[in-house]
Amino acid sequence: MLAPEFITSDWFNADNAAKLADYRGKVVVVEVFQMLCPGCILHGIPLAQKIQRMFPADQVAVLGLHCVFEHHAAMTPVSLNAFLQEFQVTFPVAVDAAGEGCMPQTMEAYQLRGTPSLLIIDQKGELQAHHLGQVSELQIGAEIATLIASDRNALRADAISETASGCEFGRCTV
Amino acid sequence: MLAPEFITSDWFNADNAAKLADYRGKVVVVEVFQMLCPGCILHGIPLAQKIQRMFPADQVAVLGLHCVFEHHAAMTPVSLNAFLQEFQVTFPVAVDAAGEGCMPQTMEAYQLRGTPSLLIIDQKGELQAHHLGQVSELQIGAEIATLIASDRNALRADAISETASGCEFGRCTV
Amino acid sequence: MLAPEFITSDWFNADNAAKLADYRGKVVVVEVFQMLCPGCILHGIPLAQKIQRMFPADQVAVLGLHCVFEHHAAMTPVSLNAFLQEFQVTFPVAVDAAGEGCMPQTMEAYQLRGTPSLLIIDQKGELQAHHLGQVSELQIGAEIATLIASDRNALRADAISETASGCEFGRCTV
Amino acid sequence: MLAPEFITSDWFNADNAAKLADYRGKVVVVEVFQMLCPGCILHGIPLAQKIQRMFPADQVAVLGLHCVFEHHAAMTPVSLNAFLQEFQVTFPVAVDAAGEGCMPQTMEAYQLRGTPSLLIIDQKGELQAHHLGQVSELQIGAEIATLIASDRNALRADAISETASGCEFGRCTV
């Protein structure tokens, strides 16, 4: 499924007009979190920061999506801003727009069940993986690398088929 | 030094009229924290919770002291309340009263340098230890137990001297 | 470089006639260890076991290579056998054959500098990566997955070039 | 119960004529381990080393007791010697003397059920605590400190009661 565009009320570490679609062409790893969720602080955010350090920025983009579905009054933009500074989060963080009920709108569009959730979106914008809770670093490393390699593969296959389909010297090889 | 009374604007998990002096007679362990301080979340609060579970409540009281000296707008009572719920903090937490500068009043009275800090106050209200940053559990366990044992010792010594001084009416009081 | 064949005096969890070449066609992850090396016990062996659990056995083979270069009398086959049982190591473990000096023969052939070392060999037997000490799980997961994907890619490219090479003698079979 | 004297076949980091009784007057913490027991390597030995670093050597003695009850051929003195070097164990380690069955003799005398076990013996040689498996550092710190303080207390109480007992038969000797 094509990953739905984020519906945001705010962005940190990015222009307020930022969009998920801006990152098309890269593997996009989205750390879905709430700033007062213990599992997010202990596992989710540190893993996202490791991914950001490990993979080249021109191949993998790490984004945060702040999905507040409880304690709304406690997790305001002012608080989130302080949180991002204190935990040294430097990747772009989108604030999911409030919905009609507890659940914010992007969270609803993705049918997420809680935080932390980790979404992996491929270079064409397809949602490829969705993990809830603590996840294995080996597995996440493998999933990201598989998407990077598949894309390279696609490019190479394209290259090959270009060559293959190259009509040269009066001959058409396709 | 006698541990200064807390100057508070609020208490959680306790009556708003609570005072440090209410815990006289027990060893009092005070976890000084800010809710958005990473070291507090990773080390300070979990250690305080372990102490609370390990030692009998009639001998050791664990208290929190929320000392906000940065990001004041982000760490309001509403936010702290959500934090305490999410991190399952059930011990009483005093909110240090704002001062004239950044530093809140109790923090200034104790001349604390940052968070997390761990204070250990004996049964008579004397400040016995003051640790900044991550601390050894072996050491904290030893410090608390030493105060418990010294007090028991003092009681026993009192008992003995009472007995000894039981000589009255012209008899030997030693 | 083509990964040199192991020179072994023994194998555990495998037939004694086992060879590295038997695993051609899979990504081969080799945990080079000494049973009394703290870093091997704390990091190397547990990582190898996680890799064994994470990746399908028909794509990734995990092997141990026991390279004794110190305390030779203490790390005999009898001791190693007990170690493998106690630490629940179920992957095949080759015992590197003693050399003329301290260094065993396979360790010398690979020019390894110590333990734990992690070798990653691709499906064609080429040594692709060589890590000394504690390594990032994200990175190892990525490296293994890249080799799996590249191989799949190679297969697909082969398929394409076969198709492409179907054009012969001025005829195009595609 | 008075802690039974160790029945040993060997000592490391101590004279071969060493005895448990040599450490009378100090709190004695005994780490009972087998060199190939995972829980001993991951938890038991590191905790013993922390205790050794934390408490003054004139108050607390840390000893190891190597109790081999399985894989006897794998855990010989030669292997243990290498293990102690590799894991930087500098406290005295007694090798429990083989028994008639699997169980060595001191292990049988103490009726230990497995490794790691942690024994705490007071200054008079009384066995005060006996823990099997992973233990809380807070608790161990508290138990050791309680014995240190009780001893100090006893000394002080003795002083007081000597004084007090100076008054007999209507006479006051003080």
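Chains here go by letter, A, B, C and D, matching the order in which they are written, and residues are numbered from 1 within each.
Convention: contacts are C-beta pairs under 8 Å (C-beta built on N, C-alpha and C of every residue); 3 or more make two chains touch, one makes a residue touch a chain.
These figures come from a predicted structure and were not determined experimentally.
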Chains contacting each of chain B and chain D, listed by label: none
Of all other chains, the one whose Cα centre sits farthest from chain D: A
Angle (degrees, nearest 5) of the CA superposition of chain A onto chain C: 180
Residue-number overlap at the chain C/chain D interface, same or different (half cut): same
For chain A paired with chain C, centre-to-centre distance based on mean C-alpha positions, whole Å: 33
Inter-centroid spacing, chain B versus chain A (mean Cα positions, whole Å): 43
Chain A-chain D separation of Cα centroids, rounded to whole Å: 54
Of all residues in chain D, the ones touching two or more other chains: none
Every chain pair in contact, whichever chains are involved: A-B, A-C, B-D, C-D
Chain C partner contacts - residues on chain D that touch it in the complex: 36-38, 41-42, 70-71, 73-75, 78-79, 81-83, 85-87
Chain D residues touching chain B - in the complex, by the definition given at the top: 50-51, 54-55, 136-146, 148-150, 152-153, 156-157, 160-161, 163-164, 166-167, 170-172, 174
